[in-house]
């Protein structure tokens, strides 16, 4: 039951990395909406592999084909379905891996969960490739949100120990977010981008990988969306964020660091700016009691280093029930952070739109 | 629709802080289970206010009354319902607050969300008091998990900047978790407990408050539970955790710090210990691909300082549409962390049981 | 998981016939709605037992107590909860029945389903008594629908083989539906009411019971509500209707008899009456493609004779694993149809409101 | 949100009659199951048009392509997706119909529901063609049920006023159900089959259409499946049945006729046949309290005459806001009953399997 999410929207994703194809069915979209397909392809290109020397050289054309839910270029209200056929798969790269459990990958838990029947090639249904349909769905949701004046953007907050500065939670503009969308390593401090690049290339050289954090922002969401308890904005976004492979943490507003403040500091004081209600600080990341307060939504997600490395690793052979050594070949990302930005934005868009419909 | 959660379990919570009563309906419990009510009351007492000088002096007897779902002491398979009547409420404490939006509280977003019709007294349905039914439900789930050899426990990882040491993710025992349950400030390093206590009392003295982090562990969960994507263990637990008022962050395993490792470090190497499959490290917190790998589940949650402080605060009056000053009276917790431990354990139990049924 | 229903509304019912109490939690109600409690009690009185010599002499005061979701008389947006404590239960009437499976009752399937742990007294959670909270919830939904110009009413279409005439699907007025609400045996043809009464009393005299059909109508629902496939109006209402104990059939519009028409007859022809679109006939009961077409919604439900009769019956003793004879004592309804009318209207109101929110 | 159904299974269907393609995503299938594709194609062929002179001459090859969820011929546990590309569509047949609302079709309610943006060609998403993916999903569910000893079959109970005899609810065998699967007009009384055929051909000759009823049976389901109230077997099956276009009624067991019995008749008496518990009659259709009692499940569904007829009809033109006459051309089924049998069996299989998982 892993593949369906949503209340007013219902997103159903499917596919395996080396199967016939992957895709998504989206229920609940407003009718009569004219999707900007160029914009959808821009988002998908941000996630696609093979863009530059920081990512896997694996190429995917990743052109989604829409099967249903559109008529004369507009959404019909019926489920909107898109599929992407798999190409450029080299399944033999994975043939040796049937019984050797790759550390950090879902091989072993997946083997137990599915009784050994899961498609292990390229991580099968666990593959990051299944995020392509999420980006497709998110790109449409982003456009629907843009009509309501809402924009979602993100930047790389850190790669390894190299830190960019944070969003200013009250003054960042949509223009800044828009600019980030076109950058290879979107950061505020460009000197850091070069350091990050060198770290990634060094890891690649070693057959190793590095992680990082993503900082994401939702601008333009008015006060009053979300719910207390089970359908809080934080619950909704965190649920989706941990559906993105490799995410191991999420924090809203000042996050873990809010625990070092006193209440007199962490309570964001309200004031009127003309007719508008604002807060002087934004330690709560635009969300109190699970509901938006009109300030920007800010959160950070921790993205672990890709598990696929070519360095020799210790692991087990489950058919022989003994320890084993493993050297993986194939084409891998030394760092997934740049490609995960549009995925994180996409699921954020899906979550926010679901709460607003 | 905020009050219902679950797939195989369905938990429906209700109530307002100063209404007639609060409670929970639990669908999907196994039948014929004999609940240990003493144990349930122990859990509820851990969360209850008025325990000592670190918590609010407000007293609640908090005795749940079971209305349905039990017959001859055992679960029937029909919905199990418990209610707790509200007592010792001093609603006049809140009468001045109808139009003054307390910073850090859900007053303003709740006012917008519910068109001004939400019960504002004592935060109404947003109150931390609504977590009492969650602890009730969680206490039953804990007992059902115990039958499967699973134990959930937690300690205070930090108060303000005072840090306890972390769980050793591979060697902590059920005995240690059990011991923590009876402590006022459960930490490994007892010297830190005294420091934490002083910090809390100092904040109380100032009419201020402090936050902290909770570290929680699930021991005994076998490999193979959870799902990729939308129903991952992380998604499930994070969803529930952010339903607990004041939680602003969650991280699994090494969490945000995993982003500073190389893949060759963060990939937990498998090995055989006799017939058992283990990992040498546990940076992934017992979860890979959203599914348990048989190692302990570990996560930390960030708990912000309570918003209810008696220090003077800047805010707004929404009926007069102008800025205002606010001094709140009433009886408040200077630090919610000790009382939130059983809540975090409870929702963890609910989430894990739901994934296992 | 049997006790929760709904998409935008979420209704969670609970309770057993001879337990402590029964009730309902309603999520998703609009905020700021002032419930007319007299009207709620009128609906509950229509369902209550002990009204006259046609129903069981068992008395229930059935006064619901609202625990949450109301503030200053209006809905708050938080879950609205009401409980009804059980009274006048004579559990010893059922003590002999633990192992004797009453024919036509849920005793045997419930015993298997719940491993023998279900509360068997008075049918436990299977009892028709659990429909009281449904009527409570439905009464509130009816008031919310009335604000939108929508009225739901019903009459007895038949008792045994005694048939009333049917609604005229195009000309019945709200006044007629309103009048039915106050009648003991609401029918168009009053001569038939007397025949029905005699049949019920004769069955009662024999220690037997009779069934009947209910015809229900939704007036004032505009075109465009509902969905194709899984959330059609028919699917939604049928799902709810078969949740009402004793219902064994449902048909919309001309129903089973539509199968005897030609398409040229069953196709309801559209025409303009001024600006309004109407159909000349209403064989489709106001629903095409799962969606309302603006004509009255009409359906009939088949209600089987109450299973509780005092005549001697053949059955089994499951502890002794042999055949047995059974004579039930206790106080029972010889015919449930008059009391089921408000239940059918209530779940109709719940279903229609859910589709409209 | 119309396109997703299920609890433990989740079925997501999509597509429009004249769009690019249709299909289904199935979540929750057991892993390691080897699907018999020949058997799937047999079921799909039963539903396919163009089989003989009783159905529309429109040809569809209707070969489903599996995109995901299979590996080495077995289910992986990941979502199983199949698509069918549309062919042989003659959209110009529908171009005149944009503003002329066909009586008995979803044109008008769909137009209002979707703001005029629904794909009107060939009924778009409302088309009976979308039942092909349901048959595909149901065919897999049938095979999984067969492994548990459960068989689902059906026959034509009536066409127009021509009635076949009913199933004997206690003695019908799996062999009889199997035989029905290969017949053009499966009935017990073969003389009736010829009468039915003549009626259908006569209607076709007139440019008219006829309806009928389907009787369906589930053999081999043990006692104890289902739930009281909202997830009763009847609620589950009725919900699905009314998702099948043209179904206007459903009744279980003796159905509407049970209302003419006395309780002493409708209470199915239990007895032991060796170790097995049986009932002497089966008026309740194998379901009491929403739960199976081990006897065969029996229900009948009313299927209205196809709305697509070539006779002249009265209707409206919604762009011109005036009455209009309509003569539809195109290729239509004079009677949908023979083709709807496998659809009804399919959704029955989906519903029963969902309750059993």
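Per-chain residue numbering starts at 1, and chain names A, B, C and D are given in the order in which the chains are listed.
Here is the rule we use: a residue touches a chain if its C-beta (ideal position, glycine included) is under 8 Å from a C-beta of that chain, and two chains touch if they have at least 3 such contacts.
Computed from a predicted model, the values in this text were never measured in an experiment.
Counting only chains that touch, the fewest steps needed to get from subunit B to subunit C is 1.
Greatest Cα centroid separation from subunit A: this falls to C.
Between subunit A and subunit D, the centres computed from C-alpha atoms are 40 Å apart. The distance from the centre of subunit A to the centre of subunit C, with each centre set as the mean of the Cα atoms, comes to 47 Å. Between the CA-based centres of subunit A and subunit B the separation comes to 26 Å, rounded to the whole angstrom. Within subunit C, the positions touching two or more other chains are listed as 1-4, 7, 13, 78, 113, 125, 228.
Residues of subunit C touching subunit D in their complex: 1-5, 7, 13, 101-106, 108-110, 112-113, 123, 125-126, 130, 158, 160-161, 203, 206, 208-213, 222-232, 234-236, 238-243, 245, 247-256, 258-272, 275, 277, 279-280, 283-285, 287-293, 300, 302-309, 311, 313-316, 318, 321-323. Interface residues of subunit B, counted against subunit C in their complex, comprise 1-4, 8, 10, 12-16, 19-23, 25, 27-28, 31-32, 65-71, 74-81, 83, 113-119, 121, 124-125.
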